[in-house]
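A short write-up of the structure that comes next.
The chains carry the letters A, B, C and D, assigned in the order they are written, with residues numbered from 1 in each.
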Amino acid sequence: MGKRTIESEVKLFNRPKMEKPLLIEGLPGIGYVGKLAAEHLIEEFEAEKFGEINSPFFPHHVSIDSGILRPAKNEFYLADLEGKDVIILVGDVQATSSEGHYELANKVLDTAESFDVSRIFTLGGYATGQYSKSQPKVFGVVNHPELLEEYGSDGLVIREGTGPIIGISGLLLGLGSLRGINGVCLLGETHGMLVDHRSARSVLEALSSMLGFKVDLSKLEEHAKKTESILRRMRKVEKLRKRRKEREEEVSYIG
Amino acid sequence: MGKRTIESEVKLFNRPKMEKPLLIEGLPGIGYVGKLAAEHLIEEFEAEKFGEINSPFFPHHVSIDSGILRPAKNEFYLADLEGKDVIILVGDVQATSSEGHYELANKVLDTAESFDVSRIFTLGGYATGQYSKSQPKVFGVVNHPELLEEYGSDGLVIREGTGPIIGISGLLLGLGSLRGINGVCLLGETHGMLVDHRSARSVLEALSSMLGFKVDLSKLEEHAKKTESILRRMRKVEKLRKRRKEREEEVSYIG
Amino acid sequence: MGKRTIESEVKLFNRPKMEKPLLIEGLPGIGYVGKLAAEHLIEEFEAEKFGEINSPFFPHHVSIDSGILRPAKNEFYLADLEGKDVIILVGDVQATSSEGHYELANKVLDTAESFDVSRIFTLGGYATGQYSKSQPKVFGVVNHPELLEEYGSDGLVIREGTGPIIGISGLLLGLGSLRGINGVCLLGETHGMLVDHRSARSVLEALSSMLGFKVDLSKLEEHAKKTESILRRMRKVEKLRKRRKEREEEVSYIG
Amino acid sequence: MGKRTIESEVKLFNRPKMEKPLLIEGLPGIGYVGKLAAEHLIEEFEAEKFGEINSPFFPHHVSIDSGILRPAKNEFYLADLEGKDVIILVGDVQATSSEGHYELANKVLDTAESFDVSRIFTLGGYATGQYSKSQPKVFGVVNHPELLEEYGSDGLVIREGTGPIIGISGLLLGLGSLRGINGVCLLGETHGMLVDHRSARSVLEALSSMLGFKVDLSKLEEHAKKTESILRRMRKVEKLRKRRKEREEEVSYIG
């Protein structure tokens, strides 16, 4: 019962061998774009979990799934992307306070540095209030001018203007730059109020083109189509409801 | 006047002997269901207080009762439930911040582990917006798949779907699972805006069936009936008030 | 530029000799009742400042008076109340967070204990939404049953019912009781939205009767009368404004 | 992966030689007055950056400019103001919590003291809800009565009345006074909702008169004129829009 510091805890189950890995972050955020994209990579490349983070800076709740309760976590996976070692960071929450965000981002960077991380890619969404059925655009920002040249030829659309990026996707790159770790933040256009698999697909297309790997995106496309069919049905029901109401009003006028 | 760390303090008045005790938590939450249930156990089994927690993460107020002021506390009791040693955690508050919730839950687990705790039961309410006069349902969630089998035969209704459990009832089990301590959270259906002794009774029925002990629940039932009689009277008064108003309006129309 | 802990700092300019002093607290709160009462004691008994508290838990602003800026502070004074040594705690702020409230209350208690404090009196207001022109009532609560008997004969009206006391007035006594320091909280009835010298006068009358000292309260009474005369004038102006408006409307009807 | 304390970090790239420097603070606040003024000094006197502050108490976002992301920072510059060594503190954010404000202000003071700082000038805005096209007034407050005499002859208009100054401009002087460092806070009148180069110009005029240096303020004046021309155009457009609407309504009446 000694003193317990209020501090996030990184637990590595093992220290897998990797060579100058990339770090890809996909924690929950706008439209769940980053989370969906990162989880898709984990599934497609059969990444293996090698560690997790528990933190007093997470929200004070637990999640339930089919009667099983589990604490909030962030998790580290290792994937082999066609010869490239990639650490993937996923999870069900971000920190609740500014202090917590900084502490967690620094713990993640500590861990990544201990594996000699070579570059960081953070994935997220960019709320537009509109749902794109075709091909959501992907914007990029980098944390070092060098990368603008390096990735410019990959058709990366650089986000114009100024403005903040909130949360871990921005902080990992901001604090990373203070440690000399370069990286890119890829933001997929998304509605903002809908879980958006299509935007996640766009983000992974941009990422795979930048990193030169291939990935089957059909499952994300399927999910996107399901979402759209649900949306269509909801709109149809709404339309019918309106029309019926109008007819009823006509009838009552006639009567 | 040395440095005082901002940290919860667990004070044990003595270290009673117990064998692989259970931990039952009933701190104030939705409908006060967990608190009422745990306090009922303390009363019925004449549990003895052996420790308390003071914490800077509690709200910054004190409570008054009959002119006596007392600081916010969480308290540890030891009960003998027909041969089973049970630590019961009760109190008048929960923490105010996420960090505080995590710190307190970990201190409670530290204490429970120091007594070689074997299993955790956390008791709480589940808001439905409706008051059940007959038999409020009790849902359960567990923090390890093993327990689903073990308690399935006790008629435990597992909570379907997903969703968070907020506060210490969830955290004790979530953080407990990280330490290898298994446990169950029992949530009684309750209105949410009313203190609900009947839901507490249901929760204790479920608990006693799972643990195989008997407990007299008549006092909880009495309290529930009192609450209901008060509610009935309030509704009657409201009805009379309405009817009188309608009559007055009739009279004024006639006049 | 070493590490700076986030911690309140108690600075004692000297350690005056005192014998089993009382601690009287009057920090700003409802109606400024406690602050006005404590500052009145400082003035009437020519108390001397012997220490102050600076804290990162205070609000992040400074106050200005006649062009001079000063940091937020709590201050310790020593008064001689007809032979009784009394530490008086005053200041311009309370803490902003729960953690800060607990930390500060504990620092104050550390300091008081280092002088062998014998009893604590905390002074405050009790909001009723009404301004009393005659004699605001004073309620008391104690942190130990013994004191109910001891002070009952002084005509102390014990606050009935339950309910919290928020802030340092409650915490000093609540945390004090954990250290075995007894004390009383005196709450003067007050409007809640007005600075109330009359309620402060009532509180000091109760305190002086309990402690058996005499204090000239005429300055508080003068201030109270000034406030009332301002209130009267404001009401008169408001009445005139209304009447004039009514006449104008009459005139325009005639026209 | 050792323990990482939640603490601001001051990084000095080098320790430039300076003699009893002044500290001038211009972090973002009301009307960006202080920031604009301090950045103007940096530009006009070709100040050199010699350090920066990273802090977990900053907001948890990063800023983007032309596709490059950078973490929130406060920065130290050294300027030679006609023979006077001046440390200038600028940046894009202030802390998010009270605790953070105190910690950062103390770190800045630690740094300034390590260079034997002789006096502090903090620059800011004072919201009036009105935009002044001619010459915004500048008010001053000091943290020691001595300074009232010293600067009174410079035509410093001392801010009358009482009231708080929120944020680092106040805290640096308040906490500075506890360390025996004297200083002045200069507040330029400003609208409050507009970036105000003209108020920044006024503040620098007051500062240069107090410190006896000359500075070309034409760039601030140019910016102020641009802002005003934009405001004029916006008002004209609004007027035209209104008039057109009125005419349309006339037409429809005629019809």
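Everything that follows uses one rule, which is that a contact is a pair of C-beta atoms (placed from the backbone, for glycine too) under 8 Å apart; a residue touches a chain by one contact, two chains touch by 3 or more.
As the structure is a prediction and not an experimental result, all values here were calculated from the model.
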- Check the residue numbers that subunit B and subunit C use where they touch, and answer same if over half are used by both copies, otherwise different. different
- Give, as an integer number of Å, the spacing between the C-alpha centres of subunit D and subunit C. 37
- Centre-to-centre distance between subunit C and subunit A (centres being mean Cα positions), rounded to whole Å: 52
- Among subunit D residues, those touching two or more other chains are 97
- Taking touching chains as linked, do they make an open path (line), a single closed cycle (ring), a hub with spokes (star), an all-linked set (complete), or other? ring
- Which bits of subunit C are touching subunit D when the two form their complex? 1, 3-4, 6, 54-72, 96-97, 100
- Message: For the complex, give me every residue of subunit D touching subunit C.
- Response: 5, 7, 10, 95, 97-99, 101-103, 106-107, 110-111, 114, 140-145, 148, 158-167, 170-171, 173-175, 177-178, 185
